[in-house]
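Okay, handing you the structure first.
Labels for the chains are A, B, C and D, by order of writing; each one numbers its residues from 1.
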Amino acid sequence: MENLVSNEVSILTDAPSAINSLLVNNATMKALVYHGPGKKAWEGKPKPLIQETTDAIVKILKTTICGTDLHIMKGDLPEVTAGRILGHEGVGIIEEVGSSVSNFKKGDHVIISCITSCGKCEYCKKGMYSHCEKGGWILGYMIDGTQAEYVRIPYADNSLYPIPEGSDEEALVMLSDILPTGFECGVLNGQVKPGDTIAIVGAGPVGMAALLTAQFYTPAEIIVIDQDDNRLEVAKTFGATHTINSSTNNAIEKIMALTNGKGVDTAIEAVGVPATFELCEAIIAAGGHIANIGVHGKSVTLHLETLWSRNISITTRLVDTVTTPMLLKTVQSKKIQPKKLITHRFKLDQMIEAYDTFGNAAKEKALKVILEK
Amino acid sequence: MENLVSNEVSILTDAPSAINSLLVNNATMKALVYHGPGKKAWEGKPKPLIQETTDAIVKILKTTICGTDLHIMKGDLPEVTAGRILGHEGVGIIEEVGSSVSNFKKGDHVIISCITSCGKCEYCKKGMYSHCEKGGWILGYMIDGTQAEYVRIPYADNSLYPIPEGSDEEALVMLSDILPTGFECGVLNGQVKPGDTIAIVGAGPVGMAALLTAQFYTPAEIIVIDQDDNRLEVAKTFGATHTINSSTNNAIEKIMALTNGKGVDTAIEAVGVPATFELCEAIIAAGGHIANIGVHGKSVTLHLETLWSRNISITTRLVDTVTTPMLLKTVQSKKIQPKKLITHRFKLDQMIEAYDTFGNAAKEKALKVILEK
Amino acid sequence: MENLVSNEVSILTDAPSAINSLLVNNATMKALVYHGPGKKAWEGKPKPLIQETTDAIVKILKTTICGTDLHIMKGDLPEVTAGRILGHEGVGIIEEVGSSVSNFKKGDHVIISCITSCGKCEYCKKGMYSHCEKGGWILGYMIDGTQAEYVRIPYADNSLYPIPEGSDEEALVMLSDILPTGFECGVLNGQVKPGDTIAIVGAGPVGMAALLTAQFYTPAEIIVIDQDDNRLEVAKTFGATHTINSSTNNAIEKIMALTNGKGVDTAIEAVGVPATFELCEAIIAAGGHIANIGVHGKSVTLHLETLWSRNISITTRLVDTVTTPMLLKTVQSKKIQPKKLITHRFKLDQMIEAYDTFGNAAKEKALKVILEK
Amino acid sequence: MENLVSNEVSILTDAPSAINSLLVNNATMKALVYHGPGKKAWEGKPKPLIQETTDAIVKILKTTICGTDLHIMKGDLPEVTAGRILGHEGVGIIEEVGSSVSNFKKGDHVIISCITSCGKCEYCKKGMYSHCEKGGWILGYMIDGTQAEYVRIPYADNSLYPIPEGSDEEALVMLSDILPTGFECGVLNGQVKPGDTIAIVGAGPVGMAALLTAQFYTPAEIIVIDQDDNRLEVAKTFGATHTINSSTNNAIEKIMALTNGKGVDTAIEAVGVPATFELCEAIIAAGGHIANIGVHGKSVTLHLETLWSRNISITTRLVDTVTTPMLLKTVQSKKIQPKKLITHRFKLDQMIEAYDTFGNAAKEKALKVILEK
């Protein structure tokens, strides 16, 4: 579809300078291209062009790989077509902007949000950017993404965020997706409050992001549950007050013992399988909140026969990235160190190697990998 | 247990007048007594006595029967022991108060809340009276209830509400349970807002209470779904803008058509079976709220494989009756006519007949029955 | 400034059709033009042209006059320059859209919001459109307005609202400013709840809008205070439960008597002078909310020596019109009849006559006047 | 009034053991007694007796002096009568409980709340304990207080909080008044959020309590303003990111410079004079919150002529101590160190000396003084 558009506009050779950028571009770049389940390559692709007046072209400085990219590679998201450049996270420099873009100009450093927001549909006006009628999660999914030297960002004014001078840009890559996901879906939906006892089920990158951002609200106790002792050790250094390896312990019993039989005020599900969601159901206190972050492929059993009278809430959410400006302020003021999430660093053209490392996260003790120019 | 207490205090024959009420009382009264599954009688029982300084004895003026009473009669709540007087709703006159009761005195007219609140445990302080450590729902369940000439109300200061002079007391019986249940569990948890489109699944008494109280927040459209055409007709007169008989129609298709494929902002489940809860899952809009009121006996299937990304909330709640003062103001100012819910009237000693009528609600076109002195 | 822009773009005579609208336009139209304090004329002006790709040109079908227009005419807002076309309310038909506008096309019927929102600045993203870095209230103030045959609307996608087919467009003129102002600044900020007792101080158009929209939340009592008996009579027909003429009564005493000495839960100030604000301070209950709508020209005395311990909130707000979609749904579903606010109707070219009528509101018993094509 | 009650009950010499405590008590204790403006003594007083079944007698382990006590000593609160024992803060051991008290028993260690809550009036049910119809702030004001060896606490179940075993009780004295005051009136009312820029005007004990508890919500910048360099130095060690001495600097200019001319998201007034409140008005950002904590003796000028359009809130509150359980959890989990507020320690019978020190707070560099048994 994108090539089609590029061809179409190539006839506008006499257009005034404002739309010069719509000319065919023979420049190429390197990118991570999906070629169907199990097949990928770091290969040449045409450098992206401005297609709409609201677009920006961003030169990637740093990007990363998400668990969702691994799912795409496995073929779990069949709607992703062969030829697609993957990746929906990163920071970069504005290379060019469409004529309607007013928040950014060439040379600005920006955070790329994983969610594209048009800023003018019903959902965007409500702050539900994830359900934007023209955007939402499309980067590296429905349109080409950020695991490349350049990327086209639609609705740039509403989908990019300016990086203050002097920032640690590596840390800010975590603001593209993982920090707002843990924060919005887990911490905000979970209504974490000072003094609360909370449980985070799953200590992968997004669970860790929930762990870091939950501390914005000063819970008294944070119990992290996982099956990987290494990740639990890391969780302790990130602020967990208790950790439980659920493969070698009865997590429900342990949590109920820790909470005097009351259960936790907030349970954050950061895995996405029935067993972990049902664990949350079992440990939630009366009046508590189960906040789902996990991407689920199957239905789960909801035990309404006990929960109907427990005054609980269960929430789901696809990240809206509406809190990115707030998160940026907390990073700038050093209230949070998202850099802690980065375990491995590569050059951009080591992309395949980085995928291998991230694909063996447990063995490699990987959380987030950074690929930089 | 209650008899035990009465015996124990009978020895205090020389106690000063403040505890005179603890004397054995040979007075009797008539009451609806549960004698095990399927067995009940309107029979003589000792008139209740003050047991704690925080108790009140209330002479019943009007009471009613709840669907839960029918469940008890079927044996669905085996924790209810034979000999128990049923009933957890009603209005009455204060007959006597314990020495610590300060909000009420003999002769005051009161609404009896279905929820007993001690006012001083952790849950009561948070407004979660339903989980009161010493109260909650105990009336006509763990202790003797209101389907009787007299009832003992523990923690009277926090569990009774004064009736303003000149009130229509019949209407106020609806404040004991059904109106706060529909309002708190359905309308408040469902976050109904002006202009919303909402669905109420189940047009029994509690669904009707949700229908009446939802209108406090001026939703644009209220779709009521049931399998009983009579109840749907009544729902229209109560303010439903659309009704759907789900036994003869594909409710999901109809609702999606009515909402341009978006679904409803709030879906209120007022039945308590898997099919109706899953209907709510199918019709909820992105960003919407499923508010469960139904008492569920089985687990349900939660379709997280689609709902994980829909930004929804699901809530459960046992009514707290914390909104009773608010609801009383709306009744007094004639903003709501709860009397509409009353379809049949009996004398108190027609209790068995009233149970028969209410037990055949569909055939008798019954919503709420009133039994009066 | 606008002429300058028009001249500048006139040289683009070879531009492709997408920017044809930027040509100089010799067409003229009639408009209400401000010529300095006390001077106005209904006279010829150039028809507005698209200046930015985000603009729309709207042909006015119906407009109205606001109290603020009278203030401008008096010279109270010296920043308004001579030559300005006044007016910031109206409905119309899209005549032309800039190339970036995607929500609207020629022929669409639209509500014009009094607030211009760019949709992409920090404030717009927070829903504080009133403080939009490029918009806010500029129509008929900093740029030409709606009391004309045509108007240019910047950021049309975020500043216009589509009118559903078959609507009563006269009623919808009330959505440009007055209804969202009464609702957002008065009712939402005032946190009106079911069962509340509220006071509205000032029964002019915006107080009446607060009166109508307060009923979305079903307060028990609505006390309206004004010095004009006619307006108080109208307030009764709009839903006021009590009215007080403060020129012939001690309003404070009356309100305290009506509320058993407690005061009101919410006091909405809809006048804008010290006396009415201080009345609100005197009648607010402990725990209550004073919501200011009035445009104040002077400071007021805040009695913190009594209010510091009263657990109250005081709020101010310039309308954001962020609730326009919600309000539109309530109008479409006939939950509110804003048409009630319209007392007089004129043809567009009777503008001067309409100003005369509206300028003598008390004598003419005028609330809102409609001017239609 | 209390003596009267004691005399009255002295005739009940034959009462059963449950009311034995109502006997006349000839035991005496030492207490700080107010004898009119400027006069106080540490002298003998009768040990308090249980008067109501809901009372508890608490043996004081640690108490402190509040700025309000100094105001009483100056005669600023003429409603305080000569003979009154002052003090409304402290921790102690339950010596005796009335027959209705069920949350506590002899020997329990407790925090005494400065606010007495009956738990059953309209205000208590809403969590507005400060306005309790029978309580509120009465300790050391309307009834005898905590600067004594023993104190009678009315409504003990709702006005005392249990101290977990092994706690640092000195730190918990700060939970009687100062921490909930800073937190509820300043931080909660001020709606402090992650990433916010906030200002705290006044670095006395309550401003410091706001400073400590504001950090529960992780603001990015905390600007503290005072006229005492020592207190500003202390504020820095407590977490202030910027401090301004307003006696030697133009605070408004400095704050506007620090915030790029936008002002602060939240301004907390912790002094109680017109100048500091008006400073808050001058530095508040559009959309911001002014949270008043200060006890004001005079009215202030509210600049509605500029603030009317700024979308701000102003709040007042007498502390409700409804957050005491939450605060206790944060202290127990070491998320906050209220002990930092304690600068001086005395024995209980050094009360006069402690008053002298606290009365010269600036010179003595005093924040809170502790008096212990």
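One rule holds for everything that comes next: a residue touches a chain if its C-beta (ideal position, glycine included) is under 8 Å from a C-beta of that chain, and two chains touch if they have at least 3 such contacts.
Quick caveat, the model's predicted, so the values are computed rather than measured.
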Expressed in steps between touching chains, what is the minimal separation of subunit B and subunit C? 1
Could you quickly compare A-C and A-D and let me know which has more C-beta contacts? A-D
Based only on mean CA positions, could you tell me how far subunit A sits from subunit C in angstrom? 41
Inter-centroid spacing, subunit D versus subunit A (mean Cα positions, whole Å): 44
Which residues does subunit C have that touch at least 2 chains other than itself? 325
Which of the residues in subunit D come into contact with subunit C in the complex? 123, 126, 128, 130-131, 189, 272, 277, 286-287, 292, 294-305, 307-318, 320
For subunit C, which residues count as touching subunit B in their complex? 193-196, 215-218, 220-221, 241, 325-330, 332-333, 335-336
For the complex, give me every residue of subunit D touching subunit B. 15-16, 53-54, 99-100, 102-103, 119-122, 124-125, 127, 157-158, 322, 325
